[in-house]
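Two complexes come next, and they have one chain in common, chain A, joined by chain B in the first and chain C in the second.
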Partner chain A sequence: MNQQPAAQLATQITLDITWHYSATEAMSRFLAGLRERRIEALRCDGCGRRYLPPRPFCGRCCLRMHNWVPVADMGTIEAWTVVHVPVLDSRTGAPRPLPYGMALIRLDGADTTLNHYLDETDPAELCIGARVRAVWRDEVVGAMDDISHFEVLR
Partner chain B sequence: MRAVAVVGTGQTRHASRRDDVSQPELVHEAVCAALADAAMTPADVDAVLIGNMELFEGRALPELWVGAGALASGVCDTVLVVGFGKHSEGHTQTGMALTDPFWDRSVASGAVGNFALSVSQYVSERGVTEEQAARVAVKARRNAARNPHAHLQRADLTVEEVLASRVLAHPLHLLDMCPQSDGAAAVVIAAGEIARRHNPRPAWVKATATRHDQCYIGDLDKRLLRMPTLRDAAASAYRQAGIDDPLRDLDVAEIYEPCTYAELAWYEALGFCPDGEAGRLVDSATTEMEGELPVNPSGGVLSTNPVGASGVIRVAEAALQIHGRGGARQVPDVQMALATGYGVYAWADVIVLGDTP
Partner chain C sequence: MAGTGVSGPLAVDTRSIPEMVLAAAEAALADAQTDFGNIDAVVTASVDLHDGLTASNIAVTEVVGAVMKPETRIAGDGLAAAAHAACQIWAGAYGTVLVVAHGKASMADQDSVEQWAWDPITIQPLGVGFTVAAGLQARAVMGEGDPEAALSRWATVASRRWQAVGVGSRPEDVLASPVTAAPLRALMAAPAADAAYAVVLTGEPQRRGPVLKGVGYDLDTHAPGDRDLASWAGLGRAFARACRVAGSDTGAAFDIVEASCRYPHEEELVAAAVPALADSDVAPSGGLYRGVAPVAAGLGRLVDTVDALRSGPPARALAHGTWGPAGQAHAVAILESAP
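The block that comes next holds the complex of A and B.
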């Protein structure tokens, strides 16, 4: 008996999952600081590196870190781009409007860099070494995006 | 320690969607090809190491490294190493953005944005041009046209077309980036006399090195420029394999280049040229199929990227060059071949294969 091959089927699955994360001690202190628009890093006694995000141990020296040091909400662009592909906004779940500027920023008082958004989307206006200042949201909740973006200073 | 060698390789047809096979069927396709290439049956295999994108393990080579160690120490005689990825059934970009929920998840830029940030530093210090990067894209897709497994095959791609493709994240154009593919790859490694029985030209493992760095991306300064993990791993592997001048001593390289500028940066990190000379190296056609050191005859990650298999593919492609089974992409008389793996700047793997133990 001849049988026709069955049509290939596919299915779509949508997930809506809730996760629970623990911030642990160092990050909890850092996030509490953001609620007061204050940024703090942990400094390693061994190599002197001032780490953002703060974490309990220096990965280079394997030393526990205790010394909190203040960090400014101003810094320098170490790398930049203007992105034209969508990324989801973590607050709304909706795609961010395009294009958007992004940078690796070294905040004054920290030795590591952080990723953040810029208010500038014209490549001709962006360069490594440019100074930037955090623009805080009116309502801060103790999250990294209490800083909505960085303003490029001219 | 016993000598170990890659004796068989197998790959699927790689494509943006393989709706004709499930994930296990995809693995089956690659494994059957590898076992056939090694003239083995499943009963000949002592152990299987399998990895995929989930924990990034198939992308790098630690599973091969562990496999080689088990063989060398005599725990096993034959090991099957498999990497697979079916991106059409996943959310790779979302997955890549699931970084630390307290630190950078809300400001993540995805893989493309992340590369572009590093590229801005690389371009600023090295002065490479968009045209030089585009030449890497042209080379990759042209080579891929000789590789029946490759996902993106374009024998006639031009620099102008690369530059005219849409900008994803300044200065990266669509054609500067790797695709997302469905695919799997498998290699069979065997020890000593078993290796010789199963392949007339085994690809002997001359050196392996893996290096990891700190986990936060902002910890890594000028990551594309400095790439200490790849530089350290390469230095160690070259020492183990007795390589003084990689450009002279290697006959072919299969390197893990997620974007065109990364290939240029890896030329420097791998010692194919001094720092700052990568643009000139690509201009001189040294790394083309007919050049002194062909890089990625397969078309590379730029042409085929089932991420969890991309590291294993590099090893398979380097090995088949030694086996002499490269078909239209075969480089003549390969005695020493390099394969590398890479992940988010924080880690790198280097393996050297040779035609003698």
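The block that comes next holds the complex of A and C.
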């Protein structure tokens, strides 16, 4: 990198604002389903793709989606990593214990994948194609982390 | 391509964004032997999230000479901004356009900032950053192949890029560096940096400026779970569009290539997406390993390409920029030496 210019004063700003995101009708139904430990995807009438997480519009076909299809809470790992860089839990602001497993998971009945945690952090025990099952929290509130993580099935 | 200007990259630039941008803009204008008065329009690239404020209109408009002029703001890589400027000129809307991009990674923790770039309902609560996305992508690229062979190959590539920018990291150093998001190691990643880049594009004939022949860009779905992570198909589409504009064959070879690859596995994605580049060295200058300024780096690749065309024999060149997680979006520019 290049030569450092003369130092200047820096002002530290902490932004403390709460945003209220509208979840969309589709996501609202999806999250309500999680409260009942039920997972649903939206299927596009054009390409037949079953989107999970659901969204109201298929970006490939430019069509609104209305057809809900059930999805299992078991699936297959499509990509995985074991993370060693510090990450803050966006709900609590607390650092997440390291390392942790993270995967893209294609649930049975869906054509797209979900990001979620894995219970496994040993790379030797992970592979693309491995089967996983959702581990639900005891108390579900209608949020993505109603699923605590996915356990790798052996 | 009438002129180029650079400010950085630096690991930490203690100057303000307006000062960084002004330095790059003034350098580009001086290189083009012109001044703000001859600029018809401005295209700027920046992302509010990285800047911590409404980026372009607060920090940049005055120092790019855009007060009471048409400024187009691109929330993407600076190479996409250059593509917009070229289209404005080709459409006959403006004669000379200044393009500026800036990124200041040192302002805040990048992994924390990048968490905010994801869907707030489904991914943000998981604390995913772009490093995690890169790890998932590297694993997808690795596929069912031999992991040790892939790691060895990537360590060699990263070492070569480090050497090109004067850092003596050997492949064994790369492999021994800490795991960030498996299978990626810390020294496989090009470092985050602060930088601003500027170029002056004009429809007027230039004696020494290379000619921008074609541009193209492409945005895939944001969620990495909606696309094939083991492919940069969007780069292939952007490249095909640039070739159509340039009137060139997609199979024609390039003498100079400057791709935006932050990780070595991304070079394999480039080669797969654009077969014409399969045998090319895609970052002869070291590329992003000099420092990656968020959403500015692609314009830096264009600047390096212009410099190489100016200093070497007649040649055909390609510059590439990317932004978004795991290569969501790509921009391509095809250039030729001045006639």
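Here is the rule we use: the second predicted complex is superposed on the first by the 146 of 154 C-alpha atoms of A that agree within 3 Å, B and C clash if a C-alpha of one lies under 4 Å from a C-alpha of the other, contacts with A are read in each partner's own complex, and residues count from 1 in each chain.
By our rule, a residue touches a chain if its C-beta (ideal position, glycine included) is under 8 Å from a C-beta of that chain, and two chains touch if they have at least 3 such contacts.
All values reported here derive from a predicted model rather than from experimental measurement.
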Worksheet item: Counting only touches as set out at the top, which of chain B and chain C does A:M27 meet: first, second, both, neither?
Response: both
Worksheet item: Touch check for A:Y117: first (chain B), second (chain C), both, or neither?
Response: both
Practice prompt. Have a look at where A:T14 lands relative to chain B and chain C in the superposition and call it first, second, both or neither.
Written response: neither
Discussion item. In the overlaid three-chain picture, which partner chain does A:L104 touch, first (chain B) or second (chain C), both, or neither?
Written reply: both
Discussion item. Once chain A of both complexes is superposed, is A:Q4 in touch with chain B (first), chain C (second), both, or neither?
Written reply: second
Worksheet item: Which positions of chain A sit in both the chain B and the chain C interface?
Response: 8, 10, 19, 21, 23, 27, 31, 51, 53, 59, 78-85, 87-88, 90-91, 102-104, 112-117, 123, 128, 143-145
Worksheet entry | Residues on chain B engaged by chain A in the complex (per definition of touch) | 19-20, 93-94, 97, 100-110, 112-113, 116-121, 124, 166-172, 214-219, 221-222
Discussion item. Which residues of chain C touch chain A once you look at their complex with the stated criterion?
Written reply: 8-16, 52, 111-112, 115, 119-129, 131-132, 135-140, 143-144, 178-184, 191, 193, 221, 223-226, 229, 290-291
Item to complete: Note which residues of chain A are touching chain B in the complex, please.
Response: 8, 10, 19, 21, 23, 27, 30-31, 51-53, 55, 59-60, 78-85, 87-88, 90-91, 102-104, 112-117, 123, 128, 143-145
Worksheet, complete the sentence: So, in the complex, the side of chain A touching chain C is made of residues 1-8, 10, 13, 15, 19, 21, 23, 27, 31, 51, 53, 59, 78-91, 96, 99, 102-104, 112-117, 123, 128, 143-145
